[in-house]
Every structure is written in structure tokens, then in C-alpha cells.
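For reference, the structure discussed in these notes is given below.
In order of appearance the chains are A, B and C, and numbering begins at 1 in each one.
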Amino acid sequence: MRGAKSAKWVAGAIVVALAATACGGNGDGEGESKGSGPAGYVSIDVGEPQKPLIPADTNESLGSYVIQSLFTQLLDFDAKGNIVYTNAESVTTDDSKTWTVKLKKGWKFHNGEDVTSKSYIDAWNWYANIKNNQQNSFWFQDIKGYDDVHPEKGDPKAEAMSGLKAVDDHTFTIELKNTMPYFNYKLGYSTWAPLPKVFYDDPKAFGQKPVGNGPYTFEKWDHKKLIQVKAWDDYQGPNKAKNKGVQFKNYTTVEAAYKDVVSGNLDMIRQVGPTDLPKYKQDLGDGAIEQPYAAIQTLTPAFYSKTFKDIDPKVLQGLSMAIDRDTITKTVLNNTRTPAKSFTPPGVKGNQNLDTDVFTYNPEKAKKLVQEGGGVPGNKFTVQYNTDGGHKEWVTAVCESIRKATGVDCVGDPKPDFATDLEARDNDQVKGMYRGGWVADYPVNANFMKELYHTTAEANNGRFSNKEIDGLMNKADNAKSLDESVKAFQEVEKKLVEHMPAIPLWYYRINGGHGKNVDNVKVDFHGDLEVWGVTTK
Amino acid sequence: MGRYVARRLLQMIPVFIGSTLLIFCMMYALPGDPVRAMMGDQAYDPAVVASIKKDLGLDQPLLQQYVNYMTGLVQGDFGTQIASQRPIADVIADAFPVTIRLTLFAFTFVTLVGIGLGVIAGLRPDTLQDRGLLTLTLILVSMPSFVLGFLLQYQFAFKWQVTTPTVTDSTDFSQLALPAIVLASLSLAYVARLTRTSIAENLRSDYMRTAVAKGLPRRRVIGVHLMRNSLIPVVTFLGIEIGSLMTGAIVTEGIFNVRGIGLEIYEALTRREGATVVGIASLMVLIYLAASLIVDLLYAVLDPRIRYA
Amino acid sequence: MPDKTVEKVEALPGDTASTAGVIVTDAGPAAEKARSLWSDAWHDLRRNPLFLVAAVLIVFLLVMSLWPGLFTSASPRDADLANHYLGKPNWGHFFAPDWLGYDVQGRSIYARVVYGARASITVGVGVTLAVSVLGTVIGMIAGYFGGWTDTLLSRMTDIFLGIPFLLGALVVLNSFEERTVWVVIMALAFLGWTQIARVARGAVITIKQADYVVAAKALGASTSRILFRHILPNALAPIIVVATIALGGYIAAEATLSFLGVGLGDTAVSWGGDVARGREQLRIAPHTLIIPSVMVSITVLSFLMFGDAVRNALDPKLR
């Protein structure tokens, strides 16, 4: 009988436990709030930022959304990639080496502190200092004295970069190591934002509850659920909020977010998921957003690999012509990309029509070129990609297209996740090609060439190296004006077609949307929705 | 009994250390660097990567890192995440209740439906309904949970639209129903089969014949004599099940986007957040160890024939 | 969940006792009449309709995995994007390439289903064999020598049992650059041997006290002779029972791992991988997901029925 009694007790205990958690479950307000938040607020599916909210420590798109709402840097770009001054009155130079920044007067941080030259200079010095481990610290590397605060090894030799000098409260100068005609374009990245004094007291706490100078003030961060910011009435910039606030809501899947947009629980979605793409224009009507932005996807050969070590560029041109970009973007990619016709996407300064058929599908000529160039060693190559990024299908389709057209066997080389993929690229372990991608840091063609194909470029993971092209790029950097520099890079681009450091595949398009409660949803040059301009109906 | 429990608890220590060390080593051996991965595929600065790793102690030798980690863990410190810099204890505290809710939901389902079906079949062994149940459980067992998950998701969420395809609010039990059923299906099949076998066996036992011969009413014979004895193995099986349901949630939580520890550990794995993976895994190991001890003790309590020295 | 399938087999009625580690499995009486046990079992199996159905299905699957060319002329790789999405199943065209429709790349799903059998069966059978050998050896050593050897090996078993199977497999497989069939087999075997080791240990402990083993020892037979000639044959029945049932579980495990993206490599045709890619088309072309799913289930089901029948035949207590 003893046994039986105990059994009863156990069953009872389970019931009690269940009841207890059921109560607990209803009690805490976990999960997304229903409806679209406080009146006048707009909501968008922006998930948990990867890192604390510090401008120079944020380089992924989710964190950037929040940073951009809280901070305003010197200047910004319009949808066409032209400069719009925000916090700066002007940024000028005579020699492309020393730049003078004049700040607008009367700007304040959310806590009432004035935004002065010092707010910028101190922030930039802090960002650049190696001790502070800021992810974007290398963005300051063009400034004179960067190597003192950010040596490759060991402790910094100085606390401040010698190139930054305050002239008065609202004027300061930036001296660069070398000339760079498009340096002012770099200043449009949110990593150049200023910091208030309160930041230096406790950077860690600041990262959870930032105080900026942007169009919105920080309200709350409910980890992995929601970040809420409120429109700041005293904001003086051109991008003053037209709504009362923004909720950045975390969704675990785009499908769930999409469903909420359709049902009105969410106002905006940044990218519709593949399951819903075929139907989203019907579902959202006027709310559907389809727009190209400045990003490109490529197949990049590893020029150190056995396969592509001494490859004839003709072979690469042939492989490029073997890819049926039109059909693949229309079918497998659901029109989320536009076939590429050059190395730079439209929307960046200097994008041009290259007079070439290398990017046009032509199986006969492709086969001929591959044969003329001596073929691919082993008649086989691999394309490395990460399986956690939705690349599998297009890699397969591209490979099949190449295989069918040229007879060169092409297979995917999947890495289980992005970390493994990157490690193989960094350590020169790519066996054939890898999927390359680049989103504009600043909308100038140099960004798509110098950062990717210069011998010394950090992101040049294919280790493409060509003295002639290096020389041309250096010369373009030394040009007197931005226009000349852009033109010089256009010449570089023409040369790139002859050497094929990568096979451009397609440009990105944003396929997002908004619900019926909001209007005026616009897209900026790198594909982000401009939340400040959104109005509620 | 006391000595037995003490011995078992002592034995758990090397097992716990061994399992966590093994997981720790496996995480360490993985290619891919969490700090580097954080930088993305645009340009980055290797000096910053090195500096961050130094600050986090990720540049130390494996055993040193393990000792550091365990020292922290013993003091209740799970460490902090590399990217978000949040305490891992917070991350676990957010995710754990979700998984517990899902697990208990599934567990209730397993218990009620599983035992119910098992009793129905076991009372009339080798009839049509018994055969039918056996086939049904076989089919359930043969469907990997991702298969069952997608089939149910397709039918209920997309075709009939009676539920949401993914869970947006894990406190809403109607949304948790589908993932709970998928999670429960396999255990359900086992519980049903176990109950059925146990009941069918006991039906033929002497004490049952005695009870019937004594002229006791059928309800009492079945409800008291048969059930009590037949459910002993089932109850102990269910005990172990709580632990394995919890650890088995990786796929189910992934399909239905339940933000529990399964999803958390999978995400941490792809981001190479070693401390998070090991932290959650340690908890799973602990739950497993505790469950197996409790089950063994339950045996002794429920079945007087077993005595532990 | 396949990891559960694997873990749970342990707790099936036949060997509940092994969890406690105190009571010993009931393989003892069966082992004494070895010959009649096997012939009885065979006699039993031949009359079991479940077994016959399972056996026919398994033979069919084996042929399919050995000679896929017999079933279809289409290649699982040849893609034609013209068939993208439009390729709904054409149920009338038995065994034609478009019979089961086309997947997102415009490849014949029928061809992929046929060629996918090989990966599943190889992994399932491979892991089962590897696990049986590894588990039996470890279990026999632990059970026969006892003492600190047993303690050490038992704790090792506990350590491996403590690691959640799926999590362990994810981590182990992540660390391999190229995941061939052999890598997947070794990884699953590395994590999966514990169950058989426990069963083998239990069986050996019972058998080693049997008169004929004591007699052999007294006659001065060597340890290896006692282990392999006297103990192993008699401990085989419970091991076979557990192994056959686990086989289905390993097939499910392979599919799940491929589904999670850490199974077989990209060039391999695998049902789990196809289910994973069908996921995105769930709303537009559900057949791309459902057909490979059904194939996984049928295969697992046949091996489970097979295992179930074998267990019923070999375990006299359940008869």
C-alpha cells in the first residue's frame, strides 16, 4: 500500500506544479504587446541589437536602426546618395587632407548638454582607442595620429589623435594621414556620432540606456522583445521625427512579423520572407515596398587556391557569362535581386554602364571563353557559403547554370554557420570561390573597389592583387576633387572587367512593406526604412 | 536508503564535471571565432578582435578557461555573453520559463492521452482497437519531430488557419498547443505502449484473478488493483521524460519559434557563444541527473520489492 | 525527435531495469536455451504479418539505395528552372520524372527521393553496426571484469548519457569541414554507444555467473575464449533487440541533422536536407516538403516495425 500512496502523491505534485506555472505564465507580461503601442508611435520589426548601444560598437543593421534614431552625426545622405548636412553646418577642405567642420549652433544632447566640438573630438578619440575595443575603431584610421591611440600591438601611446583640433566651440579641424577626396562621405556613417560627457562616467550603463543627440530619446529596452524610443521635441535637424515615437519589435521569424503587418499589429516590415514573397504585393497593396539599394552580391575566387591560382581572367569572364542571372533572380530569388551589370550598384556615385557583355548570359560564348582560357583546373570548383543565411538555393542554381553551360562542375561548399564561413575566409582556407557581399558604407564607387580589391584591403578575402590596379586606385585617392576621384575609379572599374577579381551576380532590393496605419515610408541608400519620416494615419 | 542517496549524489559529481568538460572541449574545438564573427563580413580590425579576446580571457589555454568557467559557475556566475555583454544568467532566466511551460504542457498531454490510450488498449489486448493503437503509436514514433511539426503547421496554420504558424506569445496556451503536441508525440507513443503492455501483463496475474474471484466490482478491480500496479513503470518512465522533453525542444522550438532554451542554445551555438552553450547544457545535464536519481528512488518507493542498500 | 527515439528505446518495457543499474535484465533464462530461442524466434517471425510487411519494405529500400538507377532515369542533380514552382506532382505519370513534381531548383523530386534512400540507409545501418560493436565491447569489458574497470566505464557511460544527444551531435558535426557519410556515422556512434553498452553489461553480469562459464573458467579457458565463445553468443539477443529498434532512430537522427544543416554535405542527396529546403515553399509548393518527409517516415517505420517484431520474438516475457 505504501507504494500506491506515494504514486498518488506524485500525481498530486504534478498537478500542483502545473497549476503553479500556469499562474506564473499568465502573470508576467512576456511576449510582444498586442496592438501597435502608444498612440502615434510606429512599430517596425527590428530585432535585438547584437551589442550594447554605442555608435562605434554597432555595425549590424538591427543595432544601426536604433543608433540612427538616437544619434545624429555630422551629415547624412538622401536616397540618391547626396550629402545632407545634419549636425554640421558645413564640412569643407581645400586639399582633401585637412577638413574643417563647422557645427550648427544650439544643438543639445537629450540631457540638455550642448553639442560642441569637444563632444565630437572626445568621442572619436574614445572610439579609436584600442583599449575600448570598439568594433568600428578602424573607421578612424585615416585620421592623423590614429596609430598612436590604436597601435597594432601593445598599449596606446597617446590618448588623443593629433589630427583632431578644436578651433572654437563649434569649429574643429580633421587632419588626415593622406589625401582622401571622399572623406566627408565617410562621415555619414553613424559611427561618427558625438557623445555626451555622461557617457565617460559609465560606458557600460550608457550602452543599455544611451543619451544621444538624435531625433528620438531613449525610453526602454526590454531585452529580446522591444526597444522603445520617443520623438524629441527639441530636435533641430532636418530629419525631425514626424511621428510620436518608434517601437523596435523583435520577431523570431520574418513570417511572424509579416503576419502581424497584414493583421495590423505591426506597422513596418524590413524584408518579407521567402514564404510570403510570392503573395506580398497582393496582401499589402500600396504598402508593398520594392526598391533597389546600394549592395551587391558576388562570387569571389580565392586567388591563392589551387583552382584559381593562375587562372586566366578569360575563364572567369566565361563563368560569368554562364550564369543565367535573369532567370535565377526571377525564380529562385523571387525578384529580391536585380541582375548585376557592373562592380558597383546603382545609387552610388560613379555607377556606370560598362560597355561589355561579360555580365550577360551567353552559354555558347561562355563555353568558348572558358576553353580559350585553358579551362578550370580539374574541371571543378567549389562555392563556399554559410547555411544559416539563406544562400543555399541561389548557390545551387548558379552552380547548375554554370555546369549546364560550360560543363565545369560546380558544387557548393557549405559552412554550418557564418562564424565558420568567415574563419575560412580570414585564414585563406577557401578552396575555390566564396559568396561575397558588400553593402555601401558610403555611397561612392570607391567603397566598392578600394575596400574589396586593393591588395592591402582588409575585406579583400580573395587576395586579388594587381599592381596596375593598386596604382590606379592610389592615384584616384590622390585626386584633387571628389568628381575627379569618382571618374578615376570609373576607369578602375573598366579595368576590373579585364581582370575579374570577382564575378558580380546581382544588386540587392528591399522587399518590405507597411500596413494601413502608416504612410510615407521611404528607403535610404543602404536599404534601411527611414523611420523618422513615417506618419501615422 | 540515505547511504544510497549519498553515494548516488557523490557519483554525480564526476559525471557532471565530465559532461560539462566534454561539451566545453567540443565547443573549444569548433572552427569559427565568436569575436571575429561579431564583426561581420565587411571590413574589421584584427587588433580589436585580439584585444577583446584578451579582455574576455579567450586567449588562455583550454583547461585554464574551463577552470575559470567552473569557478564562476560554482559561485553561481554563468558569465556574460560575448556580443550582447548581457549576463548569461539573465538570458537563461528569460528563456527557461518558456521551455518549462512548453514542457509541462507537453507532459500533461503525454500523461493524460498516453495513459488513457494505453489503458483502453491494454484492457482488451489483441482486439481491433488494440491493434489500431499499436499502429498509431508506431506511426507517431516513426515521424521525426520536424516532419510532424511541419505537417501539423501546414495543416492547422496554413490550410485551416485555426492557429498561428509560429508562437508570438509564449504565455498564450492556445498558441503553445501545436508545439506541445509535436514535442509530446514521441513520448506519448511510448507511454501508451508501456501502459498497454503493463496492463495486459497484469491482467493475467494471480492477484487480479483473486480480486475478481473475491467478487469485487469491476470498477474497483481495475481502478485500484490493476491501475496501481500497472502504472508503476509508467510513472517512473514519465519521471525521466520531463528531463528529456526539455532537452528535446531544440527542433520543436526552432520550427514554431518558441523563445526557449532550445532556440537559445542553437543560436548561441551558431554564434559560438561558448559560455552560453555550456551554461545551458550544464543545466540540462543537471536536470537529467536529478531526474534519473528521482526515478530510481521512485522505484524503491513504489515497488516494495526493490531495496537499496 | 530522433534523439529521444534513441534514448527512449532504453526505457522500453523489455529492459526497464537497466536504468536503475541494480536489477539485471531478464535475458538470463532465454540464454540458457540458445538454440531453441533463435529457432523459436524465427518460427515466430515468419508468422508475424508486421514483420513480413516491414521486411518487404526494407528489401525494397535496400534495392533502391543500392541501384537507384533501376527506379528512375532522371538524375537528382539535373535542374531546369523552367520547372520552378510550376512542377506540381503529376500523379498519373507513375515513375516518370515529373511523377512527384519538381523542387525549387526544377529537379525531379521523384529522382531525389529515390537517390536519397542511400544516405539514410547507409547512415542508419552504419551507425547501428558501429554502435553495436563499440557498445558491446565496452559493456562486456565493464560487465566481465567488474571492479574499478566497471566503475570507470560506467561513469564514462553516464557522462555520455548526460549530454543531450542532439546538442552533442550538433556540436561534434559542426567541427568537421567535410561531412561525408563516414563522418556522420562516426559522430553519431561516438555519442550513441552508451545504450548498448549498458544492455551488454547487464547481460554479461548475469551470464558470467552461469554454470557453464564458471566451468570454463575452472577448466582454464583464456579470458578471450570465455568472452567470445561463451559469453558473447549468449548476450547477443538483448543487444540485437536494442540495436534493431535503434536503427530507425538513427535514420531519423540523420534526417534531423541534415534538416538542421549539419548532416551530409551539399552534394549528397538527403531527405532531411530536402525537407529543410522545402520549408520555404511551404505556402506555395507544400509537396516539396511533404514527399521527402513521408519517405523518412516510411523508412523509419519499416525499421521500427522490424525491430518491434524481432523484440517480440526474442523476448519471451512479452509473448
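One rule holds for everything that comes next: a residue touches a chain if its C-beta (ideal position, glycine included) is under 8 Å from a C-beta of that chain, and two chains touch if they have at least 3 such contacts.
To keep track of the chains, here are their UniProt names: A = Peptide ABC transporter substrate-binding protein; B = ABC transporter permease; C = Peptide ABC transporter permease.
Quick caveat, the model's predicted, so the values are computed rather than measured.
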{"item": "Result of counting contacting C-beta pairs for B-C and A-C, higher pair", "value": "B-C"}
{"item": "Farthest-lying chain, centroid of Cα atoms versus that of chain B", "value": "A"}
{"item": "Between chain A and chain B, centroid-to-centroid distance (C-alpha), Å", "value": "38"}
{"item": "Cα-centroid distance, chain A relative to chain C, in whole angstrom", "value": "45"}
{"item": "Inter-centroid spacing, chain C versus chain B (mean Cα positions, whole Å)", "value": "21"}
{"item": "Chain B, residues touching no fewer than two other chains", "value": "30-31, 269"}
{"item": "Overlap residues in chain A, where contacts from two or more other chains coincide", "value": "388, 416-417, 420"}
{"item": "Residue list for chain C, restricted to those that touch at least two other chains", "value": "174, 282-283"}
{"item": "Residue numbers on chain C that touch chain B, as the complex places them", "value": "1-5, 7-8, 11-13, 16, 19-23, 155-156, 158-164, 166-168, 170-172, 174-175, 177, 248, 252, 255-256, 259-260, 272, 275, 279, 282-283, 286, 289-290, 293, 296-298, 300-301, 304-305, 308, 318"}
{"item": "Complex contacts: residues of chain A adjacent to chain B", "value": "2-4, 6-7, 10-11, 14, 17-18, 21-22, 24-26, 28, 30-32, 48-52, 59-60, 130-131, 133-135, 137-138, 150-153, 204, 207, 223-224, 251-253, 255-256, 259-260, 388, 416-420, 422-426, 436-439, 441, 451, 457-459"}
{"item": "Interface residues, chain A side, partner chain C - complex", "value": "273-276, 278-279, 324, 327-328, 331-332, 387-388, 392-393, 396-397, 400, 411-414, 416-417, 420"}
{"item": "Parts of chain B lying in touch with chain A, wherever the complex brings them together", "value": "30-34, 36-45, 47-48, 51-52, 55, 83-86, 90, 94, 97-98, 100-101, 104, 107-108, 111, 164-166, 168-173, 228, 231-232, 235, 257, 259, 263, 269-272, 298, 301-304"}
{"item": "Residue ranges of chain B touching chain C (in the complex, touch as defined)", "value": "11, 14-16, 18-19, 22-23, 26-27, 29-31, 138-139, 141-147, 150-151, 153-154, 158, 183, 186-187, 190, 193-194, 197-198, 233, 236-237, 240, 244, 247-248, 250-252, 254, 265-266, 269, 277, 281, 284-285, 288-289, 292, 295-296, 299, 306, 308"}
